[in-house]
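Each of the next two complexes has subunit A plus one more chain, namely subunit B in the first and subunit C in the second.
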Partner chain A sequence: MLLRHTTSEVKEREGLTINPAKTCQPIGAMYAALGIHGCLPHSHGSQGCCAYHRSTLTRHYKEPVMAATSSFTEGASVFGGQANLLAAIDTIFSVYDPDIIAVHSTCLSETIGDDLQQITRKALDDGKIPEGKYVIYASTPSFIGSHVTGYANMVAGMAAQFAVSTGEKKDQVNLVAGWMEPSDMRELKRISKEMGAKVVLFPDTSDVLDAPQTGKHVFYPKGGVTVPELKSTGDSKFTLALGCISAEPAAIALDKKCSVPFETVDMPIGLSATDRFIMALSKAAGVKVPDSITAERGRLVDVMTDMEQYFHGKKVALFGDPDQLIPLTEFLLDLGMKPRHIVSGTPGGRFDKRMKEILERAPGANFKNGLNADMFLLHQWIKNEPVDLLIGNTYGKYIARDEDIPFVRFGFPILDRIGHSYFPSVGYSGGLRIVEKILGVLMDRQDMTAKEEKFELVM
Partner chain B sequence: MEQIGILEGREKQIFEKKDGGQAFDISCETTSLSGSVSQRACVFCGSRVVLYPVADALHLVHGPIGCAAYTWDIRGAVSSGPELHRLSFSTDLREMDVIYGGEKKLYASLIELIEKFSPKAAFIYSTCIIGLIGDDIDAVCRKVAKETGIPVLPVHSEGFKGTKKDGYKAACTALMKLVGTGPIEDISPYSINILGEFNLAGEAWIIRKYYEEMGIEVVSTMTGDGRVGAVRRAHGATLNVVQCSGSMTSLAKDMEVKYGIPYIRVSYFGIEDMSAALYDVAKHFPDRPEIMEKAKEIVSREVRELYPQLQKFKAALTGKKAAIYVGGAFKTFSLIKALRSVGMSVVLAGSQTGNKEDYLALKEMCDEGTVIVDDSNPVELSKFILEKEADLLIGGVKERPIAFKLGVGFCDHNHERKIPLAGFEGMYNFILEVYQSVMSPVWQFAPRKGGSL
Partner chain C sequence: MEANKTYPDPSAIREELVQKYPAKVAKKRTKSIIINDPEAVPEVQANVRTVPGIITQRGCSYAGCKGVVLGPTRDIVNITHGPIGCSFYSWLTRRNQTKPETDADANFITYCFSTDMQEENIVFGGEKKLKVAIQEAYDLFHPKSIAIFSTCPVGLIGDDVHAAAREMKEKLGDCNVFGFSCEGYRGVSQSAGHHIANNGVFKHMVGRNNEKKEGKFRLNLLGEYNIGGDAFEIERIFKKCGITLVSSFSGNSTVGQLENAHMADLNVIMCHRSINYMGEMMETKYGIPWMKINFVGAESSAKSLRRIAQYFGDEELKARVEEVIAEELPKVKAVIDEIRPRTEGKTAMLFVGGSRAHHYQDLFTELGMTTVAAGYEFAHRDDYEGREVLPGIKIDADSKNIEELKVEADPELYKPRKSEAELEALKAEGLEINGYEGMMKQMMKKSMVVDDISHYESEKLIEIYKPDIFCAGIKEKYVVQKMGVPLKQLHSYDYGGPYTGFEGAVNFYRDIDRMVNNPVWKLIKAPWETAAAEMDGALEATYTEA
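And then the complex of A and B:
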């Protein structure tokens, strides 16, 4: 019982976080930046930040993750990090030769007051940025928001800093990907193509963090949204932001800078959210929903109905990031399951409001985000009201083991299983995967624990 | 093959041994260049990994959430009892705390945690911004120690204040405050502390078993299956046995000065070094020859059992080439010897934190043509692995996918090792793991081995 210390009595805590259900902004910015082709993420802070983010992303993707660091020293923290960043920009362009450097700040550089906008402008003025190359930035202080905020800030940064409005509208739709897996981004591109909608999806980590074995270590893998594509987002006729927390800020930035109208929909996880996404895309791109997509939907509904008896009334605890939790909770409700406890370390009133709306269908469910919304609290809730299923990232395995709960891994990070990079969770086929995973653990449990006379061949 | 260049400014941290004669000069112990894709970490990381295995202590990270999140249960340093060290505690500083200071939050968190978990001591890690916002964590620690009656130890590990090695030192400074505060009356004169052994996958248990069989009392394993009570009594030991070049040497030195306890450096990897680790300790107790007798008995018994088992792998592994890139240089020496014992050669050897002496010793030990690197990066590692046609890379978490992308075998000799690699049985495990990775049938499908469509 690794979590033997967890008590069922829930007490208010003063600030203290025990076993977080979040991490800090910079890792989100690093992940987002990897979704630009030829981009080297740069961490403006101590060396450790960069090492931790790379290690975590590597553990999640089982892929090399390249990023540079300003390697702050004592001097930099006294005199400011400008000299470090300028030197870093020099080093990176001459040594690693990326097309783009995407700089994000850290708690350290934010606290000493480094202004990334001013420093990158100085780099440009001083001729440190070679012709045809770019330095973009996002302010990502670790003491505000969470990793999701960092992702949102970097994605907004790439939109705001690259998009150009030429005055000539293009027949294309911007798809701003909320924090999702490379497999999900690949799936969104497939769906769009299937629908005949011309889209620019960004960021796009497919073919970056799910790269094939080639016998070579490629510093800049072939995937990622390109600079011309990012520039063209300013001329797109519409923007669809997938996720109100991680994607919408980029859509707002595009609207502000280039007057591209936008709509925010939930990340297309599960049936209802995917329905809304498909309708929104069909409307934005002016295309009809093809029969093939309708058939995909039909297959998901078919499985949901075939298996409804195994879902009905099952209690679920889930945790993770806002843009996933919103549609996932809705999907669980659509399946007839009962979400009972939901926790996200990511703060924000928007998320709170949205979850409360969805949870109207689940009276008495516990929900908390932001301060003190951590795995310790989730565990305490579970102790008070046990559940049949736990859904969340790898950190859920402690609770799953101690409380003996079937566990489906979903979200970030997943440090102990594979699959998330390759099999999407978005769209109708993503919904199928989620259903398959949930059924898998529930039925395995039944098979292993059912009394002999109740042990069934056919389920 | 397409040539990959060495990065500009990196020439001085790379050395290739040729014709024996050329002057040896490698630049090391420098901070990494701004803008480099380094494999290194920070001061906090150094402190955190060293102190982490003290299992009955509270480890509270004072700062924004990231530092605590990334170091939550990442080290397989196993405990035979309490597992408080495997939870993640953070003051989770927010913007207002950064503006108004985090002392109040730190105090409240400590009181709450000590009440809830009853730890034997508490380590409070300062992260980068603590140094900047000016929280007086020493004062908070003193206050809480007084109120709760347990040692509450600040660890000054602000990430930017040096390198990972400085973090080791900060950890040692904190430990040193515990040493000397426990009773030592009943400790045998034939006693040691084991330093720099983190009990990854239970390695400290193996080592401890050998020493105890020799009739030596192990007072404290310090940071491997560590206990506060044992650390407090560590000054009662006669000898400090230090593994790992960087992490715990400063504690050993401090204990030598303050308590007159001498120390020796050892390694538990490979037959040669493991045997030496037992003999060197035995030599320290010449008035009791049965200790040496017993050491010899253990070595001969273990080697007799191990040797034939290793021979099974030797035929397959002979002529295979390895690249080594690990944290400390000291480990590299052991690995070279261990690999040689099964017929493998080492074509690349490097570390994140080696010093000049280490690299000089490494150069002496290496074969002609071996490349030696300090604070390397993925470009260089790939270059030399391909050019030198290595069959295996030994490294840590960030190196693993690089090896696999290149199509060469891999062995984690860092936090993520899953089986004990130390001791005689660890040597068997190590060679087995090397064998299983190098000889895996999957490499035939790697393009490098002609496995393309």
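And then the complex of A and C:
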């Protein structure tokens, strides 16, 4: 057994997290910053943070992930990291020539109290930021929240630091992407275009982390939201935030700074959440939902009706991040499945409340988020009440193998399969992909385990 | 891709690599970019601070300590004391394989343990939470040992992990608890963490079990971490030769083996950078000599086996080793003969690790490939120039912060395995004991040596040399491949391996052959981008009845 020491006896833990269902803020900030065109993320801390984040993102995307570090040593940790950051800004603009450096902090620089706002202002005053270039920042202490919080903080930072209100409203809607894949961001742009809605989507990692092989390394790939676009978000008539944890803080920042009204909807994963998104976008942009979108929806519902017998009553365990888990759990319920055990390391009362509301349709389901809501607990719950399907990031494969559970990879990080960066999970076609993946593992299981006399040709 | 038969002039390249840097940075980097001369090895600036913002390959002290050295031992519970990230990123990502002897044996390698420090722990201290975590780990798993790894904030807020460990060790009674001050900001790279790990393992583990196990030729394998099963292959060869492996440091190892390691009669060192401290300290305390060996490369493996036999000085062992080599090498040779016509004359660059950039050159040589440029990520001058430069290395502020253990001969257990005279005789026969000649003496004249290479420098080197293969790690993998050059990961082996020993050499040859000759590299351009495609002619129907 791979996880041979995990037993079914659940004991309350207060100090020890085992097999976490989250990671730390800075990696989220790094990912978000890659969604700005011409931006180099910068990790203000010791080298290991930057190396770990780049490695994890690279394994997830199989793409270049460029980022720099302040390379703290003991001296910087004692005397403060200002000199390191100023030197880094100088080196980066000389050598790598980005349009923007997006600095995020780490537990190290936060603990010693480095103030990124003050240091970046000093860089500007000292003339270290060339004309027309920018240094933005986000405070992302690893000892608060999770990787999702870090993403939210950097996205809020880019909105707050770039948005300008010129006084002249633009006929456009801001779409704040919660933590999702480049494929999902591409799909949201397609849906908006299909609906005739003019949107500014940010951040946007499509054409950055799914760049083509051309035989040439393009340091700043063609994708990413541009500075003029980010500036214009202050003049947009409305903001739709996709995800209450990872996207809403940016919408609030825009409301505060530029009085752009906003609404937060769930990330459009599955049928119901996509319905709500389409209606919200239709209202915000003042466009009618075209027949083509209704047809997309119809195709997803068609598959759900055609194949309902394979979903019905199947028990599911899942783990991951709040803005995905909320709509995904709802989708599983719409499919007639039974979510039984759910954990997320990301804290948040609102997340907890939303999940409990949704899980009213799943009496007796286990749910825990925040501290000690880890994969060890999830595994113990599974041992107590086995499930038919496990959904989560790559680390779930150890539980899936030990407990012999069909496994669908979903979330971050996915280190051992491709597809997530190319094929969306959002929207109705994203729903089709999720349904196809779930059916694939469940029906493969049936095919491999059915008695010979019960083996089916047509399913 | 055609092989580059002539190489560019390195002196001009050096200028070009630093051209874009701010003046101070250029001055500093120049000292780490060296044109090699194997006859008169020039000085390489190494193990110095990385310039902030430069885009380095390097990681941190925690990664070197927890990730590299302690990570591969299967029956120890490694608790990371800090916010969640560090434990998460070092969870299973280094591919340290391990094989418990039975299903009932402990194996915690698949687990990740953290105190998940929160803001209140940063403000009010985290020691209390750490002790609770240790107790919970003990209650759940009853491990033989629990190790604590400090992350950056721990040192800054003044948590005393060593005191917490001592207290819990006493409280638990039958569990060895100890801590490591391996905060990420210590030193300038992973290397500091290796040293800290060596100190801790030496202080808290080695020497706890004096039982003398069976076996005539008993050694420890140091600096081999069983990535992709490397240690398994070396274990296979040792077993075949009748050599007893007391403990490995630390691939596929157990707490029990490490605690008994001082009963071996020889330490052989694979990765000099990460573990040479252990070799030195065991020599001083227990009288066990160490010897640098290399099981990367078929010829190097054969040579290493002969050295081990020579050290033990036993005719039977020498004969057995020759038998094993005679059995293994022809199989390897057959594969080389098949592959070499396809790899001969091609070029490689290696920028990785603290020993791999050296070791893997042997495999490329066996394939008839030339290493045109190489460098380490976190090595010291002795790994480049040889241990003879050690007395001349200046100790800077960053190195001073890493504890040097004061080690003395153990009053009971010190027993020189070889007398002075025996050691002298072995040295006279050409056997290098307690020594390492470094990488540069083996590299060709005018090859480039670059320490702690930056992204910018590597991209420039690739443009200039157009190597057939580039060896580095995951962060560099897809950057280099986007340039149309295959990149072999030499940390994770691209999820293949093993690459050690005889079977490993064959795996490597096949992988390199596949990579440098893969047809996909010729498919990068779309047909309409390459040919003056005839796409604008009029479309005419062929079967029209007119």
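Here, the second predicted complex is superposed on the first by the 459 of 459 C-alpha atoms of A that agree within 3 Å, B and C clash if a C-alpha of one lies under 4 Å from a C-alpha of the other, contacts with A are read in each partner's own complex, and residues count from 1 in each chain.
Heads up, the rule we're going with is that a residue touches a chain if its C-beta (ideal position, glycine included) is under 8 Å from a C-beta of that chain, and two chains touch if they have at least 3 such contacts.
Note that the coordinates shown come from a computational prediction; the quantities given were computed from them, not determined experimentally.
Participant: Judging by the criteria at the top, classify the pair subunit B and subunit C on subunit A as clash or fit.
Facilitator: Clash.
Participant: Just to be sure I read the superposition right, which of the two partners does A:T23 touch: subunit B = first, subunit C = second, or both, or neither?
Facilitator: Both subunit B and subunit C are touched by A:T23.
Participant: Go through the superposed model and pick first if A:S232 touches only subunit B, second if only subunit C, both, or neither.
Facilitator: Touch partners of A:S232: none, neither subunit B nor subunit C.
Participant: I'd like to check the shared interface: which positions of subunit A are touched by both subunit B and subunit C across the two complexes?
Facilitator: 2-5, 13-20, 22-24, 26-27, 42, 45-49, 51-56, 58-59, 62-74, 76-77, 84-85, 87-92, 94-96, 106-108, 111-112, 141-144, 146, 211, 213-218, 345, 371, 395
Participant: Across the complex, what residues on subunit B touch subunit A?
Facilitator: Touch residues, subunit B against subunit A: 7-9, 31-45, 63-72, 83-84, 86-95, 97-98, 105, 108-109, 112-113, 116-117, 127-129, 131-133, 159-164, 378-379, 382, 397-398, 400-402, 404-407, 445-448.
Participant: Residues of subunit A touching subunit C in their complex?
Facilitator: 1-5, 11, 13-20, 22-27, 42, 45-49, 51-56, 58-59, 62-77, 84-85, 87-92, 94-96, 106-108, 111-112, 141-144, 146, 211, 213-218, 345, 371-372, 376, 395, 398
Participant: Sort out for me which residues of subunit A touch subunit B in the complex.
Facilitator: Within the complex, subunit A contacts subunit B at residues 2-5, 7, 13-20, 22-24, 26-27, 40, 42, 45-56, 58-59, 61-74, 76-77, 84-85, 87-92, 94-96, 106-108, 111-112, 141-144, 146, 211, 213-219, 345, 371, 395.
Participant: Within their complex, state which residues of subunit C touch subunit A.
Facilitator: By the definition above, subunit C touches subunit A via 20-22, 25, 49-63, 79, 82-93, 103, 106-108, 110-119, 121-122, 129-137, 139-141, 151-153, 155-157, 183-189, 397-398, 401, 454-456, 459, 473-475, 477-484, 524-525.
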